[in-house]
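First the structure, in the form of C-alpha cells, and then the observations on it.
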Amino acid sequence: MEEVGFLGLGIMGKAMAMNLLRHGFKVTVWNRTLSRCDELVEHGASVAKTPAAVVKKCKYTIAMLSDPSAALSVVFDKDGVLEEICSGKGYIDMSTVDADTSSKISEAITSKGGSFLEAPVSGSKKPAEDGQLVILAAGEKALYEEAIPAFDVMGKKSFFLGQVGNGAKMKLVVNMIMGSMLNAFSEGLVLADRSGLNPQTLLDVLDLGGIANPMFRMKGPTMIQNSYSPAFPLKHQQKDMRLALALGDENAVSMPVAAAANEAFKKARSMGLGDLDFSAVFEAVKGPEKSS
Amino acid sequence: MEEVGFLGLGIMGKAMAMNLLRHGFKVTVWNRTLSRCDELVEHGASVAKTPAAVVKKCKYTIAMLSDPSAALSVVFDKDGVLEEICSGKGYIDMSTVDADTSSKISEAITSKGGSFLEAPVSGSKKPAEDGQLVILAAGEKALYEEAIPAFDVMGKKSFFLGQVGNGAKMKLVVNMIMGSMLNAFSEGLVLADRSGLNPQTLLDVLDLGGIANPMFRMKGPTMIQNSYSPAFPLKHQQKDMRLALALGDENAVSMPVAAAANEAFKKARSMGLGDLDFSAVFEAVKGPEKSS
Amino acid sequence: MEEVGFLGLGIMGKAMAMNLLRHGFKVTVWNRTLSRCDELVEHGASVAKTPAAVVKKCKYTIAMLSDPSAALSVVFDKDGVLEEICSGKGYIDMSTVDADTSSKISEAITSKGGSFLEAPVSGSKKPAEDGQLVILAAGEKALYEEAIPAFDVMGKKSFFLGQVGNGAKMKLVVNMIMGSMLNAFSEGLVLADRSGLNPQTLLDVLDLGGIANPMFRMKGPTMIQNSYSPAFPLKHQQKDMRLALALGDENAVSMPVAAAANEAFKKARSMGLGDLDFSAVFEAVKGPEKSS
Amino acid sequence: MEEVGFLGLGIMGKAMAMNLLRHGFKVTVWNRTLSRCDELVEHGASVAKTPAAVVKKCKYTIAMLSDPSAALSVVFDKDGVLEEICSGKGYIDMSTVDADTSSKISEAITSKGGSFLEAPVSGSKKPAEDGQLVILAAGEKALYEEAIPAFDVMGKKSFFLGQVGNGAKMKLVVNMIMGSMLNAFSEGLVLADRSGLNPQTLLDVLDLGGIANPMFRMKGPTMIQNSYSPAFPLKHQQKDMRLALALGDENAVSMPVAAAANEAFKKARSMGLGDLDFSAVFEAVKGPEKSS
C-alpha cells in the first residue's frame, strides 16, 4: 500500500491524509467542498472530482466522513464508491458510524467483489495530527494487513477485532466506561465541595494516585469553572450510553452503574445541556440550587 | 524537625521510618512487638519502651497504626501518648481512621496543650518504601508546616486540608470515585465479553486512551483471570462507599452512580467475596451463570 | 354498532367475542384455525372465511391478535382487511402491538378511506371473561364513540387517549410502574427475610396498609414459594421496561428507579429466567446463595 | 387486661385511649400537659400525676409518645416508669422509635423484673380514631397475648414479630417499599406528561388495574397539582430509606431500586423540599425546567 485514495478532509481527515503524505504515500484526495483539498495539494496530493474517480484510480481508498449519512452518501450516491469498486480493490471506512450503517456499506462493497474494513478511531484532532490515533479495525483480515503501513503513520496502535461491527462495539464499550467514570468524578467533585473540601485539591490528590487519568486531568479544571466548551457533545455521549445499554440488553448483561450514569446524562439533556461538552453532566449531578 | 518519634512499625510504618533515617532524621521508635524495632536500630534508630517515653523524649511524634483501636490505644492507654504530651509538643497521626476517632484523639491531645495533625496517606507498601506517598493532612496548620521536611521524605506530595476530619473525608471521596470506576470497568469487561469482543483487547484499547489509569492497568489482567488476591479487601471498599454515601446524606448530595456501585459491592459481599480484593466485584457484575 | 366482525379467537378474543354475543350483538367471527369458531357459533355467531370477508360483511371489525406480526398479517396479506376496508367502515385493533405497527396499520386503513382505532387492553383472561377489561383507545374519535356500546360489554372502563400510538404508550407507562413496584416488593421481601422477619408476615402487613394492591396480594404468596408459573413472561416485562425507558430517552426524561429495575430484569434474563413469570425477578434480587 | 395505664395523649394517643374507654376498659391517663386529660376524664378516665403513679396503679401501662426522646424521658426521668415497674407489671411502648431506643427501654424494664413489648403502629389519625391501626408488636410473647383485648379495640390487626427491634424493622421494610413505589409512580407521571399523555388519565387507568392502591389514589391528584402539604415529611421518609438501606448493608442485601429511590429523595432534600410531604420527590423527578 503505497498509493491510497482519501475521501473526506474534515478536521480529522485532513490531518490523517497529511500524515500519509508526510510519510511518502501517494495520496489522491476528494472532498465535497473541493477547496479544502488545496492545502493537501501543496503537500503533493492529487485531486479527483468524485469518490468514484478516486476508487477508479486507487487500489485502496480510505474514508473519513462526519457521520453515517455522509458515509452512506459517498458510497451509494451517483458518482459514489460503488460505481468503481471491484474485485482487487479495498475500501476502508474510518468514520464513526453505527453497526447497521457499517454492515450496509460492507455488504454493498463486498457484493461488488471489493474488500471492506471498518476502522473507527479513538482520539480527536491533536492525536490525528500527531499520528497518535488508536484504530479499531474489523472486517476483511487480509485488507487489514495490507493497510498496516498506513495505519502505522496515522495511529500509534491498531487493532483487528474480527467481524464487521466489532469496531463500533468496541468504541461503545469504551465510551460507556468513560461516561460512567465522568459521572463518578462529578459526584466526587460535588461531594467534596458540599463537605467543605476544596475541589481543586481533590483534582490534585486524584492526579497523584492510582486512578489518575488524562480525562480527569483535562476536564476537571474546566468543570470546576462551569465551562463546557464542547469537545464531545453531551447528547452524543448520551447516545453512546444508550447504544451500549442496548447492546447489553441484546446480550442480557445487567449494568446498573452505566444505567444510573445514563439517567444522569438524560437529566442533563432535559436541562438543555445536550450541545455542551459531555462534562456538563456535572451540572445535572449538582442539581438545582436550593431556593433560599 | 530533625528529631522525631515514630510509633508503629508495621509494613507501612517501618518503610516510612526507614526513609526518615535515610534522610538524616534522628528517629526514636516504638512498636508493640519490640523486636520489629531491630532493623531500624541497625540503621541508626533509638528505641523507647513506651509511647509515653517516645513523646517525653521527642518534640514531634508520628504514629502509623493499623486501625482505629490501635490508634486510640497508644494515646489513651497506660504509658500512652497522653501521659507526656504537653504544650510545645506535636503529635501527627498518619493512620487511616474514621473522623470520629480522629476527633477524639485531637481533643485529648489539644486539651493537654499539645498540637495535633491527622495525616492519612494514599498509597500502599511500594510507595511507602519509595517515599512516594500522598499525604492528606488536617488539623494544626503550624504543625503541618513544621512537619513538611518529614513529609517530603515520606511522600511525593502533601496537602493541608484544614480542620481535623478533612483528611478522612478526602480519602472517602477518592475511594468512592475509585469504587464507581471499578464497577464501570467491570461492566465494560462483561459487556465486551458477552458481545464477542476480547476482554484483553479492551484492556489494551483502554490503556491507550483518555481514561487510561494505573488501576485499570493493574487490576484488569488479574480480573480477567478471576484472580482476586486481596490488596484492598472488598469489604473495606464497600465500607468506604457506605461512609461516603453517608457523608453525602449529611450534606444532601444525591449520588446515584455511587449508590448503584455500592449495591454491587454489597451483592459481592452477599456472595461471600468480602475478604477478596475489591476487584472481585467483577464476579457480582458477571452474575451467576445461566443454568443450562 | 349492533353488528360487528371479530378477528382472532385466542384466549382473549374468544372471551371478548362471547361477551358481545351475550349482550345481543350480532357477531361475525374469523380465526386462522377455523375450528376455534365452533363454540362461538353455538352461541349465535356467524363465520366468515377470511378477514376480507368479515370486513365486507360488517361495518365495524374488531381484531384481537396475539402479536404484531399476526396483527399485520390479517391486514396486509391476501384476503386481508385492506382488500375490503373503505369509506364508512371502521377497524378497531385491540391487540397489544408497538406504536410502529399500530401506525403502519392506521396509515393503510385510512389511506383506503376507512377509520381506525387502536384499543389495547389492560387485564388478562379472567377480566376478559368477566367483561372487566380496561380499554386504552386512540385514533379516530368518532369511531371511538360509535364503539362505546361494544367497549361497555367487554370492559369496565374505556379511555380515549388521542392520536394513534397513545394507547401503546399508556400501556408502557403502566407496565413500567408495575415493573419498578415488583422490584421494590422483591427487595423488601429479601430484606425482611435476611433481617429475621417472616416474609409471609410482611405480606400480611402490606395488605393492610396504604400500599396494598392486587399485584402484591397475588404474586407475594407464590414468590415466597419460588413458584413462577408464567402469567406475564419476564422477558416481555423487560421488553416493556426497555421500551418505556426508550420513550423516556426520546423525551429526555430521567428515570433512575425504572432504570435500576430494568437492570434487575436483565440480570434475571441472564440467569435464564426470561420465560418464567415476571415475578421471577425476585430470584435476581435474592442473588446467588453465598457459598459455604 | 381490663385496667390499663396510658401515657401520652397526643393526636394518636388520645384517639387510642378513647377507644379503650369506649370498649369498657378502665383507663388511667397521664400527659405532660395535664389539661389534655380533661376530655378523657369526661369519658370516664382516671388521671395520675406522674408516669410512676400510673405504673404503680396499673398492672399494664401503654405509652404513645411523639419521639424517641419523649419515650426515653417517661421511662428514665424522675417520677418515671422505672421507679414503679416491677415483676408482674407490663409496659407496652407503641411509640415509633428506632431499634436502639427500644432496646434501651426494654433492658431497663426487664432489669427491674417488668415485662416489655414494643408495638409501633402503621396508620395515622383517622385509623387511630376508627380503631383501624395495624400493630407491629415484638418483645415478651406472654405480654402480647395479655394485650390482645386492648390491641383488638385500637387496631384492626396486630402482629407478634418476635424479639424487640423487629417491630421497628418491619416498619422500615414497609416504608422502603413505599418510598420506591412513590418514585416509580413519580417517574410514570413525568413520562406520561412529557410523552403527550394526560397524567390524570394515567391516574384513572392505574386505579382500575392490578397495581391500584390507596397511596396512588390519595397522593396522585395532589401531586399533579404540585401540592405537598406534609402528611409524612419527606426528610422522615428519606431517613427511613437510609435506615432500611443500612439494615440491608448489615445483612449484605443488595437493593439497587431502593438505593436509586433514596438518591432521588436526597436530591429533593437538596432542593429544599425536606419539610414538604414525601410525595414532593415528584419535583426532584421532574427536575429543573429547561431554560428557554
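Labels A, B, C and D are assigned to the chains in the order they are written; within every chain, residues are numbered from 1.
Going forward, contacts are C-beta pairs under 8 Å (C-beta built on N, C-alpha and C of every residue); 3 or more make two chains touch, one makes a residue touch a chain.
From a predicted model like this one, the values you see are computed outputs, not experimental measurements.
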So which chain is farthest from chain B, going by the mean of the CA atoms in each chain? C
Just how much do you need to spin chain A so its Cα atoms sit on those of chain D, in degrees to the nearest 5? 180
Centroid distance [mean C-alpha coordinates] between chain D and chain A, Å: 56
Averaging C-alpha coordinates per chain, one finds the centres of chain A and chain C separated by a number of Å equal to 42
If you look at chain D, which of its residues touch at least two other chains? 248, 252-256, 259-260, 263-264, 267, 270, 287
Chain B partner contacts - residues on chain C that touch it in the complex: 256, 260, 267, 270-272, 287-288, 290-291
Looking at the complex, which residues from chain D come into contact with chain C? 122-123, 134, 136, 156-157, 159, 161-163, 166, 169-170, 173-174, 176-178, 180-181, 183-185, 187-188, 190-192, 194-198, 201-202, 204-206, 208-215, 218, 244, 247-248, 250-261, 263-264, 285, 287
In the complex with chain A, residue positions of chain C that touch it: 242, 248-249, 252-256, 259-260, 262-264, 266-267, 269-270, 274, 284
